[in-house]
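For reference, the structures are reproduced in the following blocks.
The two complexes that follow have chain A in common; it is paired with chain B in the first and with chain C in the second.
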Partner chain A sequence: MKVEFDYTRSLGPVLSQFMSALKQHSILGGVTSDGRVVVPPPEYDPITHAAVTELVPVSDHGVVQSWSWVAEPVAQQPLEKPFAFAQILLDGADAPLLHAVAVDSPAEISTGLRVRVVWAEDPTGTIRDIAHFEPAGDGSSEGSASMEFGAPEVTGIVSPVKLAYDYAASPEETKFFRGLAEGKIFGQRCPKCEKVYVPPRGACPVDGIPTTDEVELPDRGTVTTYCVVNVPFQGQTIPIPYVSAYVLLDGADIAFLHLILDIDAADVRMGMRVEAVWKPREEWTTDLNNIRYFKPTGEPDADFETYKHHL
Partner chain B sequence: MRDVAVVGFSQQQMKELDGSPTCLEILVPIIQDLYEQTGWTKSDIGFWCSGSSDYLAGRSFSFVSAVDAIGTLPPVMESHVEMDAAWAMYEAWIKIQTGEVDTALVYGFGKSSAGTLRRILALQLDPYTTQPLWPDTVSLAGIQAREGIEKGLWDEKAMAEVVARSMTDAAANEWAIRKGATSIDDVLAQPVYADPLRRWDCAPVSDGAAGIILAAGDKAREARQRPAWITGFEHRIEPIALNARSLTESVSTAAAGTAAGVDGVDTAELHAPFSHQELILRNALGLPGDVTINPSGGALTANPMFSAGLNRIGEAASRIWAGNSDKALAHTTQGPVLQHNLVCTLEGRN
Partner chain C sequence: MGKVPAAVIGVGQTHHRAVREDVSIAGLLREAVDRALLDAGLTFDDIDAVVVGKAPDLFEGVMMPELYLADALGAAGKPLLRVHTAGSVGGSTAIVAASLVQSGVHERVLTVAFEKQSESNAMWALSIPVPFIMPVHAGAGGYFAPHVRSYIRRSGAPSHIGAMVAAKDRQNALKNPYAHLKNEGTTVESVLASTMLWDPIRYDETCPSSDGACALVIASEDAVAKSGIKNPAWIHSTQMRSEPTTAAERDQVNPAAGRAASAALYKQAGITNPLEEIDCAEIYVPFSWFEPMWIENLGFMPEGEGWKLTEAGETAIGGKLPINMSGGVLSSNPIGASGMLRFGEAALQVMGEAGEHQVDGARKALGHAYGGGSQFFAMWLVGADKPSN
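Moving on, here comes the complex of A and B:
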């Protein structure tokens, strides 16, 4: 299972200047109340807690203060082959910057090694404009005295986050999904209160004990409540307006969410009797989407009394 | 202050949980075990608090699903922290101090094996200038370890001593993942992985869950013959910026320890996910040489996220119940390289 999101973050005055400078291949440090130059600059002074206002350019050359070898890089790190993460004290700064150093083996890096910035090809106004550092020999530089201060060009950053998970189904969920592949719907009954849960849960939320008894349920039931979707959203596949409803399968105690189609959205109502419309058998997988949607059965509506405790 | 004690503790730790990220499969038996230990039922519990993270589960509101393990009809008073459950216990302890409730059940859970743990934990770093580089937990610990080595504060042998003692002690812990009689030479013979760290210097990726029951005064005496009374409970945090604090000492642990009071402690369960971090913690707390450290084997032998810290308190309390300790200290950490630290001291009374 993959989860992705581009975090969009606005920047305060200090980091706006810092990121704008990075975009111009310049690095700024913040001057703190004790006269130290800190990179990246803090928004607030660590001692007086006053806003940091003085920013000064520092060099893009520096010295490794401490490091660790990354034998197996993970996704989205600055380098894809093994490298070192290091605390780097830039010339002109009093506190180290954490970044990557490109060397081929741990033998090629040591504390005290002089390194310099390798700038990214396409500046974005983020910390990734420093692509990584590389050994600098005895080189040094004054940083960019030509840096122009003014209204910052960069006032926000986008941080893409991509995460991957191996999602394991619980034993009850496994039963449920395997059943779906055969056109069956399995729920679980609580041994104490005898409520039937579908999709099944590992424990009865009323009693806090494992649900143990498997129950096969029919693919028809009653609409307990519903909403008409009128607002378009990203990834939408069904033309609006359409109905998303809680369907209480006959014999179940908890309704679950599904689509109601083959009926005008305005005619859907609480108590309406519905049945599942399955995909063609050859398309069945271990997925609730084997049921494309629910459609009206044409039976008389269920009496409110029959589902009022299941709302 | 009200006298509050730990009266129940149950845990499960494993390399890989064959189950869902809500950990319901192991939370249900843990809560049942806590009822058996105390002789109580759901109606005896006044407050519930849990610690877990959606980033670990890879789904939103995962703690809401975990509430199924409690059973919530009639409704219960419940809260959650996106922190190790030791901080959930802190909230529960405050709740009992207010006098609103007399008992609380605290639990934590996490399935670290579902994703790449050292990478996911980069999301707890400064989101502007640090997280976008995805510094993984092991690399940050490696930088911290090297700094201490090169400053002469500790060496590889001292780190190996911690590993050897932990794995040897863990042999008796049914829940430890990495364990067995181990010598310093055995440790030093292991290849270096994330230079300067060996794999054994780093806690194993672990899944698990744990629960604790707290009770005040007579209610505690009713559940346990020799309750583990809480004598100090403090936590302190340091800046998120990795260049705004010294990584080779832990001033937050020292401050929490001073506030909680460490005098007379005979046993300490320290939450050190990396071997050199135990050396930092021991130094920060100023523990005398005769204090028994991590008799359970500690986090180097199993470190389930969001319950490993609570386990330290549970392990310390268990030793007090058994009469093996009169005053014990439990420590928990969270955040990058020992950013946030909690100290809980417990005593047995005769």
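Moving on, here comes the complex of A and C:
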């Protein structure tokens, strides 16, 4: 399963200046109330908690204070070959910056090593404008270019977030999904309250005990309630407008959400009797999508009294 | 040892907007925090602990934002707690802060809740497909619309009640300088004419997506005395309840957890007739029909009759029970902060500091929030008088 989104992050006055300066190959530190220069600049003073307003350029040369070797870099790290993450005290700063140092082996880095910035080829106004650091010999910076603190050029960044993970179905869900692959719908009954749950959960949410008794349910039931979705949104997979309905299968004590088709959305009713329309058998997988949708059976509507306690 | 009486002595909030590109998340919080501290006449040095709340991290894509926010909230060297109960979090965060004072652990606690919805898209974040399940989910509106339909069916409420709530709250918002939506021409007719989004919920019956924050300073009886604040909002009672999102025959229209929480809230505060004894309420109404639904759930009216209070105009300012004088969630919805805004606006009413949307003579006010699939409830009752319990 993959979840991803490009977050749009507004930076605020301090980090806007910092990112704008990076785009011009300059590094800014923030001056805190105790006179220290901190890189990246904090938005708020750690002692007085007031907004940090004084920013000063620092050198793009510095010295390694501490480091750790990354033998197997992963995606999105600053370097694709093995490298060191290091705390680097830039000349003119009083607190270190964490960044990557490109050396070929752990033998080539040590505390006290002088390093310098390698700037990215295409400036983006993000921390990645510092591609990485490299050993600088005894060199020192010629001094950072003087900065004009006008309206910052960069006021926001895009922060892509990607999550990929495997979904582990519980034993009860596994039984349910494997049943679907054979065109069957399995629920489970709580031995105490005798309510039938579909999909089965393994434990009754009311009694807190395992729901061990298996029940095969028919693929027809009653629409308890529903809405008509008319609003488009990112990630939507069903064309709008569509009817998202709670379907209470005959013999079940809880409804689940599914799609209603083969009827005009305006004609769908609470209490309407519906039956599953399955995909062709050769397309069945362990997925509730095997049921393409539910359609009206043509039976008379269920009496409100028969399902009102399911609302 | 009994409970220490506690009160709200400072309230602060941002001007809620669709997008606040000029500030970071930390900067947004600080606007509310700085206003709350100023209101209380305190500085960060006076604060013993900080309690922060927000809705799901997926809304901004910052995992555990409280870690990054510690500096900006002046929390270094102090306890910093983060609370999370989905949409009710603003309320439950305030209750956790209040309990730290009522228990005698701390004298002055700063609490703040926020959402910067413009950094992502809540509709997307609330509609992540679940593996193997039919992808019919469509955000919070898609979740709640079927239950609104159930309410209308069960109560027999006329179809314009939702529009009445929306028109009232948008008019109230015009009196609140911090409100996000300022839709001057909103009437019952214009709401009924707006686009149907999640039938039966229309566009104008839906909350906006906002960037915003709310902060409160809660102080013990001794700290109130030392503060010199003469009009604190005394906390008479607080309650939280939870229940499963789904369970067989669970009542989604009038959830048991909300009924239990409000009954306990009134009992704790010595209230026997809430409609007569409570002067006004700020309740969590993200979709207009939840006003009559929660009027019943909160025990102000019998089941099936909440809409009658709305229809009679009794929930407008000047009515028997004004509801959402600030414009409510329907006019400003920084999700994580929305519950604390309800709690803070209730406090402002009994402090007599609600400005143009003040209810004359308000002495007791309810703040309410709910979250998840109507499964988390948080509420408090604040009063102008020190509680006798």
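Rule of thumb we're sticking to: the second predicted complex is superposed on the first by the 303 of 311 C-alpha atoms of A that agree within 3 Å, B and C clash if a C-alpha of one lies under 4 Å from a C-alpha of the other, contacts with A are read in each partner's own complex, and residues count from 1 in each chain.
In this section, contacts are C-beta pairs under 8 Å (C-beta built on N, C-alpha and C of every residue); 3 or more make two chains touch, one makes a residue touch a chain.
Since we're looking at a predicted model, the values are computed, not measured.
*Asks:* State whether A:Arg9 touches chain B only (first), chain C only (second), both chains, or neither.
*Replies:* A:Arg9 contacts both chain B and chain C.
*Asks:* With the two complexes superposed on chain A, say which partner A:His258 touches: chain B (first), chain C (second), both, or neither.
*Replies:* A:His258 contacts chain C only, not chain B.
*Asks:* Contact-wise, after the overlay, does A:Trp69 reach chain B, chain C, both or neither (first, second, both, neither)?
*Replies:* A:Trp69 sits against chain B, while chain C stays out of touch.
*Asks:* Which partner does A:Met270 reach: the first (chain B), the second (chain C), both, or neither?
*Replies:* Touch partner of A:Met270: chain C, not chain B.
*Asks:* Answer with first, second, both or neither: which of chain B and chain C does A:Ala100 touch in the superposed model?
*Replies:* first
*Asks:* Which partner does A:Pro78 contact after superposing on A: first (chain B), second (chain C), both, neither?
*Replies:* In the superposed model, A:Pro78 contacts chain B only, not chain C.
*Asks:* Looking at A:Val37, would you say it contacts chain B, chain C, both, or neither? Reply first, second, both or neither.
*Replies:* neither
*Asks:* Report for A:Val229: first if it touches chain B alone, second if chain C alone, otherwise both or neither.
*Replies:* Only chain C; A:Val229 stays clear of chain B.
*Asks:* Per the contact definition in the header, classify A:His310: touching chain B only (first), chain C only (second), both, or neither.
*Replies:* The answer is second: A:His310 touches chain C but not chain B.
*Asks:* From the superposed pair, tell me which chain A residues show up as contacts to chain B and also as contacts to chain C.
*Replies:* Looking at chain A, the two contact sets intersect at 1, 3, 7, 9, 11, 15, 42, 46, 159, 161, 167, 169, 173, 205-206.
*Asks:* What residues of chain B sit close enough to touch chain A in their complex?
*Replies:* 17-22, 24-25, 27-28, 31-32, 42, 55, 58, 65, 67-73, 111, 113-116, 118-120, 123, 127-136, 138-147, 150, 192-197, 239, 241-244
*Asks:* Which residues of chain A touch chain B in the complex?
*Replies:* It is residues 1, 3, 7, 9, 11, 15, 18, 38-40, 42, 46, 65-71, 74-78, 85-87, 95-100, 106, 111, 126-128, 157, 159, 161, 163-171, 173, 201-210 of chain A that touch chain B.
*Asks:* Would you tell me which residues of chain C are touching chain A in their complex?
*Replies:* 20-24, 26-27, 30, 44, 58, 60-61, 71-72, 74, 76, 116, 118-121, 123-125, 127-129, 131-139, 141-142, 145-150, 153-154, 195-201, 244, 246-249, 251-253
*Asks:* Can you check the complex and tell me which residues of chain A touch chain C?
*Replies:* It comes out as residues 1, 3, 5, 7-13, 15, 42-44, 46, 49, 51, 155-156, 159, 161, 167, 169, 173, 177, 180, 193, 195-197, 205-206, 224-231, 233-238, 241-242, 244-246, 253-254, 256-259, 265, 270, 286-289, 291, 304, 308-311.
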